[in-house]
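In what follows, structures are represented as structure tokens.
The following pair of complexes shares a single chain, chain A, combined with chain B in the former and chain C in the latter.
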Partner chain A sequence: MKDTSMTKNIKISANNIDVYYGEKHAIKDVSVQIEDKTVTAFIGPSGCGKSTFLRCINRMNDTIDIARVTGHIAIDGEDIYDPRVDPVQLRAKVGMVFQKPNPFPKSIYDNVAYGPKIHGLSRNKAELDEIVEKSLRRGALWEEVKDRLHEPGTGLSGGQQQRLCIARAVATEPEVLLMDEPCSALDPIATAQVEELIDELRQSFSVVIVTHSMQQAARVSQKTAFFHLGNMVEYDETDKIFTNPEDPRTESYISGRIG
Partner chain B sequence: MTSKSLLTEDKRTKARNAAERRFKSYGVAAIAVAMMALAILLTSVIVKGIGAFSQTYVTIDITLPADRLDKDGNRDPAEMAGVTTIGYASVLRDGLIDTLAAAGIETEVSDRDIGDMISKEASATVRNRVLANPDLIGETVNFNLLADGRIDGFFKGRVTMETASRDQNVSPEQLVLAEQMAEAGIIETRINWAFLSLPDASDQRPEAAGLGVAILGSLYMMIVVLVLALPIAVAASIYLEEFAPKNRWTDIIEVNIANLAAVPSIVYGILGLAIFINFMEFNQSSPLVGGLVLTLMTLPTIIISTRAALKSVPPSIRDAALGVGASKMQSVFHHVLPLAAPGILTGTIIGLAQALGETAPLLLIGMVAFVRDYPQAFSDSAGLFGDPSTALPVQIYNWTQRSDPAFVERAQGAIIVLLVFLLIMNAAAIILRRKFERRW
Partner chain C sequence: MSLTLPLLFIAALSVGGFFIARSRAQSAAGGDIRKLASLPRQHGLNTALSTAIPALFAILAWLFAARLLSYRDAAPIWVPLAIMLIATLGFILSIMRVSVTFRARTAAEGWIRSLLIGASVIAILTTVGIVFSMLFESINFFSQYRWQDFFFSTNWAPNFRGNSDLGILPLLWGTLYISVIALIFAVPIGLFAAVYLSEYASRRTRSVFKPLIEILAGIPTIVYGLFALVTVGPFLRDYFAQPTGFGDSASSVMTAGLVMGIMLIPFVSSLSDDIINAVPQSLRDGSLGLGSTHSETIRQVVLPAALPGIVGAILLAASRAIGETMIVVLGAGAAARLDLNPFEAMTTVTVKIVSQLTGDTDFASPETLVAFALGLTLFVITLALNVLALYIVRRYREQYE
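Let's turn to the complex of A and B:
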């Protein structure tokens, strides 16, 4: 997908981020400006810190005892590591989709309705129904499940489960959507469906996707960041990264020599 | 070299298959031994204990004589209470002698020995009924009275002519008479649910002893254990598993909980004696203290199984909840806990079952006392669960200590009751588990 628009607003601005797991220095002085209404891909060999960096953006690293994050990340100019920020509120604004589809062992309806319920986004059942339908439509799942909303979400196929998780994430009306290898557990057809969906989600959100597949990055993203051994080596327009990278490490990863 | 045929086993395959067959047969043998031991145990308990659920009764019409039971003739229960059970015993004896005569049974047995064939408990039963309803005096009333334990034993095969000839409490002549009475329909052995409701009885009246007090005491203790142990254990487990930082202190706590689960139960009894009775001055022998001691004992079991249940909930569920902006507590209470519930329930019921069968600590806090009054759940003088009581396993222990073999039968019967309760609890654990797990 080509980036059609002119310059966009900066949604997320990360500066001098370092992450440590105990002694291990997993992210080394990474700075990146992520645009609104754009799909940004993080690529790099496994273990280079893509997920770790992604988890900084919704402070999921807070839930790991030994993880320590330094530096500044601002969303719309507000520092999310400010002591006044409640990570719970932040995560309503920054949704996340995980590598392995992880629907709650509840009905499809309850999966989607859970976020809106705990954040008080609906005043009554009718409004909640509306949110659920809208979210499932955005997750490109509505047509497949509208007749069985009260069946367990865990009974869906892998690809459907992942789209359910996406619907669940968008139901809380986030502004940023983080996706950590959302297609790695899916078959090619389900992957294609989810990729198509990601392109649509770009209309409403700033999407950050971690992927180990360069083809996928090339297909869905407008911007790409290449990580290597905890460093962010290069960050540019996706086209540029794949056709004319600046850094020799990017070059060799793209051409299949590392990773 | 020709290639090997697939149709013949080579040496290695043969040896491997033989080893596998051997291993399977060891397994089958082990299970067979276990099943046999269980079968023998159950049969022996049931064969010996089933007798406790039937009891021999003497049915006689007695005309309650006013001149002996109400000398002043004013039907005032307060004055009628002056006649003791000894007075009633002679009335019953005469009633039985008359009944025998009416049935045309002739016997050499002395009047006194005829009277002794009725349980000593019977005179108290009749006296209570008369005092409760003085108008019965002068009437002819049909009474169903407990037969003496030896007579009862004769109809259940525990007492024979041979043992009776060596027994001071019963003579072969009495047994012959009992047989005649049975033919005449005066004496009859029938099912005895009162075994479950009557209180304990003294050494001389095994026929009147029941489990009522013990069952109530055990029930009260289970309530105390459930109400205290479940919330405390679940709260502790959730905190340790989901919230507490993993450091040296939590490690120490963890090791200690595991150790506590292995502490011999009698140690908890000593602890309970020191803390709850000597220091906090709760009533001795009370279900409250028993329940507290059993709570302490059960806590580690429930904590360990609850933590295991929490651990088995996949972390991806927690991530999912946190990811949509649930707080830690919401993620635990909305998602983790419901998934862990079957495991927690099973652990709790197993803990309760353990507590129900526990004897040693209860002996130490005095629950082995002889108690005839049903304990109240609450009373002004003793407070909540403060009345003296016994418990099922202690009652069993207590009865096996008594000399009359009739009590051994009752102890075996009590074991059946205890086993039935344990079975019900385990079945409940399985059913609840299925029910919760079937949600998907």
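Let's turn to the complex of A and C:
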């Protein structure tokens, strides 16, 4: 296998990934090296496979019966599709934020405390309180909810719910944070808040974000990969992709001619 | 004169009207049906409904009036004639209205709406009728028997020569005891089956298992009763009650409760399965994405989210258990008794309603009238449970829509 610790600090190394949904060949031979403490954006038209590929990184595709993944993905050099790897443990290490805010029908506190409780990250109530406060602060939500931690999480606004989901993902102290179009259900103000948050999260995690919006990719990411019809067409520095793409398909997509 | 002839007349005129109106509409359009405000078949439908619906309502009105006026002979000759006249009038008027500009679709929809309203009114009126028939007889009963004795006496000893003890408490106790045992069996089994079917079973297993479990719901309760009488009752007596010294009766609360529990399993499992399936997939994804296992996801996210609906399902099953009669007669016997021993024969409200009304019934003595008071009490209890169930289910729905 390829050496993953080349020049830069590679966190996730994916090589020759193919994904099939039943008969459909959704991802065709994709290889990508994702750096640590970096925001990497996946862009491309609907149905191009960017979300599918994202879901390979924490093996969420395992929960779909008809999905089949081949190829090799390593995080810190460890093969995550190795039969000895427990996908449940993996998902504790690779957090995920979904397209639609999906707070559990529990209180705000219990939403954030859910992961730490399951993984036994706290020894007592005081430690758990501390984790919840810290995570909500990192989710830029603490000031807004500190007086109503025991009210239901479903009662928050859409943008607050999504930040709650981010805080919930952060609370389990993952190493990688996957975000599947986290702003597509939010208004511009909430989007700006979440984007600001993503930039801060970069200090601690490797963030991979799937987005429909090219402006968003340009604003938040350092590296960008362009997907088209199941292929990864181009992967480079974000600035280069948006100013001087090499592939004509990337050029037509970012200039609005396809997609 | 019977009502058969008018009914045939209405049917024939209505079907004929459909074709006549349709062809009239077509000829009015002169070959180009785009000129018509409504399609030819809508004109046909309007005529068919204008003929049939008022006449059918007239028949219903006559039947109702005859009942109110205690009219017992066959209808006088003018009644069928008037009904046929109404049908003919509707037929002629609607045929005359066929024209290029007439909006027959709107008119036909109006008729259909009146039909739908009629159907729902009949359902409501029936319920009201049931309540009133029970209420009048119950009032009658309480004028002959003290209500304090009915509700608070612990003795049930009807005596057809008069001077009976008609306390509801032993019967209510039997009803609740048997229902609770039935639910203790049905709820865990049904719930676990639902969790398996909705969360673990493959699509194919589910398509086989779910109908199989639902077959249980299709078995007539008298067949369950026979099962209780010849199999479960003797089995429980020989292997549990006698060795442990609880008694030697084959009819027991336990027998009826167990068999009733089996009957309720499909209620609980089928409804809970639907409710668990209605929990959004995004919640499961969110939980799995945080690194929780499948079973943690079910216990901590899916079941709490589905809980109100599951409670609703259990309450519906409970009201079913309270109203059950046949299994109790054959499984638990007919002896009214206040006792804690689950291997003792007891009986329920429903069984006593049947036994008070079979045989000598003159509907004048408190011994027979008590059946209506029992029925009304039962009705109020199950109604309260149903209202509670509906309320909980509705609150649950608001959460995700």
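We adopt the following convention: the second predicted complex is superposed on the first by the 251 of 259 C-alpha atoms of A that agree within 3 Å, B and C clash if a C-alpha of one lies under 4 Å from a C-alpha of the other, contacts with A are read in each partner's own complex, and residues count from 1 in each chain.
FYI, a contact is a pair of C-beta atoms (placed from the backbone, for glycine too) under 8 Å apart; a residue touches a chain by one contact, two chains touch by 3 or more.
Predicted model, so just to flag it, every value in this text is computed and none were measured.
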item	value
Overlay on chain A: chain C relative to chain B, clash or fit	clash
Touching partner for A:Arg168 - first (chain B), second (chain C), both, neither	both
Contacts of A:Gly95 with chain B and chain C, given as first, second, both or neither	both
Touched partner set for A:Thr63, first chain B, second chain C, both or neither	both
Contacts of A:Gly155 with chain B and chain C, given as first, second, both or neither	first
Which of chain B and chain C A:Phe104 touches, first, second, both or neither	both
Intersection of the chain A residues that touch chain B with those that touch chain C	58, 60, 63, 65, 88-93, 95-96, 98, 100, 102-105, 114-115, 118-119, 154, 165, 168-169, 172
Chain A partner contacts - residues on chain B that touch it in the complex	245-246, 314, 316-327, 330, 334-335, 339, 439-440
Contact footprint of chain A on chain C as seen in their complex	202-203, 280, 282-293, 296, 300-301, 304-305, 399
Chain A - residues contacting chain B, complex	58, 60, 63, 65, 88-93, 95-98, 100, 102-105, 114-115, 118-119, 152, 154-155, 165, 168-169, 171-172
Sites on chain A touched by chain C in the complex	58, 60, 63, 65, 88-93, 95-96, 98, 100, 102-106, 114-115, 118-119, 154, 165, 168-169, 172
